[in-house]
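Shared chain: chain A. Partners: chain B in the first complex, chain C in the second.
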Partner chain A sequence: MYKLGQYLPGVSPVHKRDARVKIIAVVAVSVITLHTKAVGLALVAVAMASVIWIARIPLVYVLRALKPVMPLSALLLLLHLLFTRGTPLLPFPVGLVSVTREGLYLGLLLVGKFLLLVIAASVLTMTTSPSELTMGIERLLRPFRFMGVSSHELAMMLSLTLRFVPILLEEATTIKEAQLARGAVFNSGGLRRRIQTISCLVMPLSTSVFRRCEELINAMEARGYQPGPRTYLQELTLSWGDYLVLITVLLVTAVIIWL
Partner chain B sequence: MKSAKISLRGMVYASMFAALTAVGAYITIPLQLVPITLQTLFTNLAGALLGGYLGALSQLVYVLLGIMGLPVFAGGKAGLGVLLGPTGGYLVGFIAGTYFMGKMIERREQAGFGWIVLALGVGHVVIYGLGALQLSVVAHLSAAKALAVGVLPFLPGDILKILVAAFLTLKLRELIKL
Partner chain C sequence: MIRTEALVYRYGREQSPVLNAINLCIEEGEYVAIIGPNGCGKTTLIRHFNALLLPTAGEVWIDGLNTRDFRSVGEIRRRVGMIFQNPDNQIVGMTVEEDTAFGPGNLGLPSTEIRQRVDEALATVGLKEYATRPPHHLSGGQKQLLALAGVLAMHPKYIVLDEPTSSLDPITREHVLLMLKQLHRKGITIIQVTHNMEEAAIADRLIVMNQGTVVADGPPSRVLSNINQLKLLGLAPPRITELMYYLQRMGEDVRTDIFTVTDAVTEITTLTNRLRQQAVVRPGGEVCRYV
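Coming up: the complex of A and B.
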């Protein structure tokens, strides 16, 4: 089975916080991170480290979450290192360009900001289950309508998508293997041939998805699905601890923005 | 209460295309320089088959899915950090880009291959524009550098995917009932 999502079930004060509070906290951390320089970043890093410690998330998982963003971070660091003018760090030029102190500082600062953003978001998804997150987003977006869609409908669409991603992933793999077994070659041939090979992968997948859509629509109509406000089996409730965290986060963010 | 603008049919199809876009990020096809994923192929198809409104909605759901932490963004990335990071502009671009693609294709009764390719191309200009803009602002790169890093490497794969998407749209639009 494909493992999707990064949720690590557990019992900790971080796991117990309301999904809405955690989402707001991540947005706050993002705002602070994008707003501050080196000293602020170090403080955010310390704060994140303590949250990770309280949540008892193994460090391996944090590093694993950072892996996908590593190539881009390296590229950004390299770009700034090579193309920023300033005091040279090395007495001799490396090839055609010289490495500067300003470049190193700017590059490290940017990469640090980016990695902290990713860590903050990962901690949220590691400590909150997807259904809690859907509910949290639904409640937070309730006052707004997005492109003519209410938050209930958006939450419904999110749950539908969440439900179908693993199924479609399995189906896509099956179709790809089936076409490979029939002799499909993906990495050679002219333009016309390539278009055909990709099409023979996407055509069956799409038709099967359309069939699933029709079945799902029939099933939902037969059960009398109506767009509009819905009730939930488990409602989100805010405890005093949630309020405390929320107020602290908002105060800290406000102070940092004003300074 | 305000009556819902969206039908159940539209909701289901938009959700499915969001799921397809997410799954597309996992289907890689080796190409000469960099392997391409089928993710933006489904972004193209969403715009071309669902139309501007539902297409953009499907991409909005896809982006929200990634923000919720499912590793559905290119390269298995996820989270709000990616949206606010250097490459977040492309994600916003997907939503805006599909809207333009769909609206342009909707203008013609029965759009031909050339018109679909043109519409998808215009959509890509929007995606690249927003993507390169955020890249240059967040990563402090000059416009030329942002284009060199954030647009050029993807051009060959994206042109191929636009052609495939236009070809598939002609075949698939008979099968989809919105």
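Coming up: the complex of A and C.
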């Protein structure tokens, strides 16, 4: 089963970068993307393409990551085409509205920005293992302790979520099959009926989640877990390459925003 | 040494106690199996051994540390590792090695030390080549071995297991039991709750519980050969022991403290050899009884 933006293990320079650097880079790319117009966007696109090339991510995977956001992109484009005033693109109105040159430009720009954001996030998750990502987030949030943010607990929650998603998916399938075996119909009937059948899935699943939670808490306590600082198998360390990339990213971002 | 003094535990104020004045002493280096019918308090008892539950009355001491003392809870949990029935719900890491590192991480050890302990523990249970895999790719038995590795990385003195093999197939079960035997030989105290009498027979000491009390405590040879008491409690003794028991009741001179097929074969061949010799001495006489 392929999951969206799933981690693709590799040894490329992109894979080797520290998770913190990559997270900061994605944030920077997002800021730049939202800040610039067509020329800047083209530059960001070129930059992203080269990162994908360096990371040796097959293009198919990038396209697959974009597939689920296509309907939304189409809608964005359509809305801009229909509701932007300006120079008409066609000599005659389509239905009640006219398609304008400005509408097309704005629509394409927005869709481009949107897709670039999705690509940036996908490249991050494709080249960073979930554990590294969790560690990265944990380390980046450490300075916010004074605001009452417990980075260790957040990291624990994140990693438990990632750990239990496949288990719960499996369990949902089991329950669904059990219901089907007893004559439940999931894909037909009116909206009301469908909601009812879904509730037949949700109820047993939630009970099971609570049961699992209790056992999990016991197991964690038995292994000496207590909220607060703890240590990890792999501590993140920044190499020269990491610093270099970080400084470059920050400089470029600063320059673009200043201009 | 794990010691309980008049340990009483009840879930609610009005409810009758699940554990009723239990006095036990488990020495270092023992291999103890705890058996008993469902709801007899086995699981409740062992959860007192690492302060997951605190006694309603009485005391539990681990190497002289009281489980009520919140300052020693961390140390108690390091010394007493616990493994649960469902392997899925005790794995917290996103990869095999990270899960093994969870306990040492809770102890606040430096990452070089954690790395060393994780590698060592995974090598012991034979999961080294799975180190970087996500745990949900493992089989049930491998998950239970992973849970064991997670406990071993804490360098425990005692390992307490709650029906660790109940969801495993026979071959993986054998493997897990062999593992426990090996760990016991290395000097780790093993305390295992089980429903399986063959498993109970491996232990050096067998504790039988019923309705919150200890009703029998001793070597398996003595406890398991007391067929009548086991049957009264609704427990099934090993089939092979039962066979020897009925042979004995028929008047044959056989031992009933036998738990394995090989031992039974030896005992029965000795018996038949003896009968054959007697038959040579008195032809006809002995044989008649089997007609």
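Here is the rule we use: the second predicted complex is superposed on the first by the 238 of 259 C-alpha atoms of A that agree within 3 Å, B and C clash if a C-alpha of one lies under 4 Å from a C-alpha of the other, contacts with A are read in each partner's own complex, and residues count from 1 in each chain.
Please note the rule applied: contacts are C-beta pairs under 8 Å (C-beta built on N, C-alpha and C of every residue); 3 or more make two chains touch, one makes a residue touch a chain.
Small disclaimer: the values here were computed from a predicted structure and weren't measured.
Placing chain B and chain C on a common chain A by superposition gives a fit, with no clash between them. Contact with chain C, but none with chain B, is seen for A:Tyr232 once the two complexes are overlaid on the shared chain. By the document's definition of touching, both partners, chain B and chain C, reach A:Leu216. Of the two partner chains placed by the overlay, only chain B lies in contact with A:Met157; chain C stays clear of it.
More residues of chain A are touched by B (comparison of chain B with chain C).
Judged by the touch definition given at the top, the superposed model places A:Thr36 against neither chain B nor chain C.
In the superposition on chain A, A:Leu201 makes contact with chain B only, not with chain C. By the touch criterion defined above, A:Ser131 reaches chain C but does not reach chain B.
In the superposed pair of complexes, A:Leu106 makes contact with chain B only, with no contact to chain C.
With chain A used as the common frame, chain B approaches chain C to a shortest CA-CA distance of 11 Å. The interface of chain A with chain B overlaps its interface with chain C at residues 130, 134, 160, 162, 212, 216, 220-221, 225, 229.
Contact residues of chain C toward chain A in the complex are 47, 50, 52, 74, 77-78, 81-82, 84, 86, 88-95, 97-98, 101-111, 114-115, 118, 134-136, 150-151, 154.
Within the complex formed with chain B, the chain A residues making contact are 4-7, 26-27, 30, 34, 68-69, 71-72, 75-76, 79-80, 83, 106, 110, 114, 116-122, 124-126, 128, 130, 133-134, 137, 145-150, 153-154, 156-158, 160-162, 164-165, 168-169, 172, 176, 186-187, 191, 194-195, 198-199, 201-203, 205-207, 209-210, 212-214, 216-217, 220-221, 225, 227-229. If you check the complex, the residues on chain B that touch chain A are 1-2, 4-6, 8-9, 11-16, 18-20, 22-23, 26-27, 29-31, 38, 41, 45, 53, 56-57, 60-62, 64-65, 67-72, 75-82, 84-87, 138-141, 145, 149, 160-161, 163-164, 167-168, 171-172, 175-177. Listed in rising order, the residues of chain A touching chain C in the complex are 129-131, 134, 159-160, 162-163, 166-167, 170, 212, 215-216, 218-226, 229-235.
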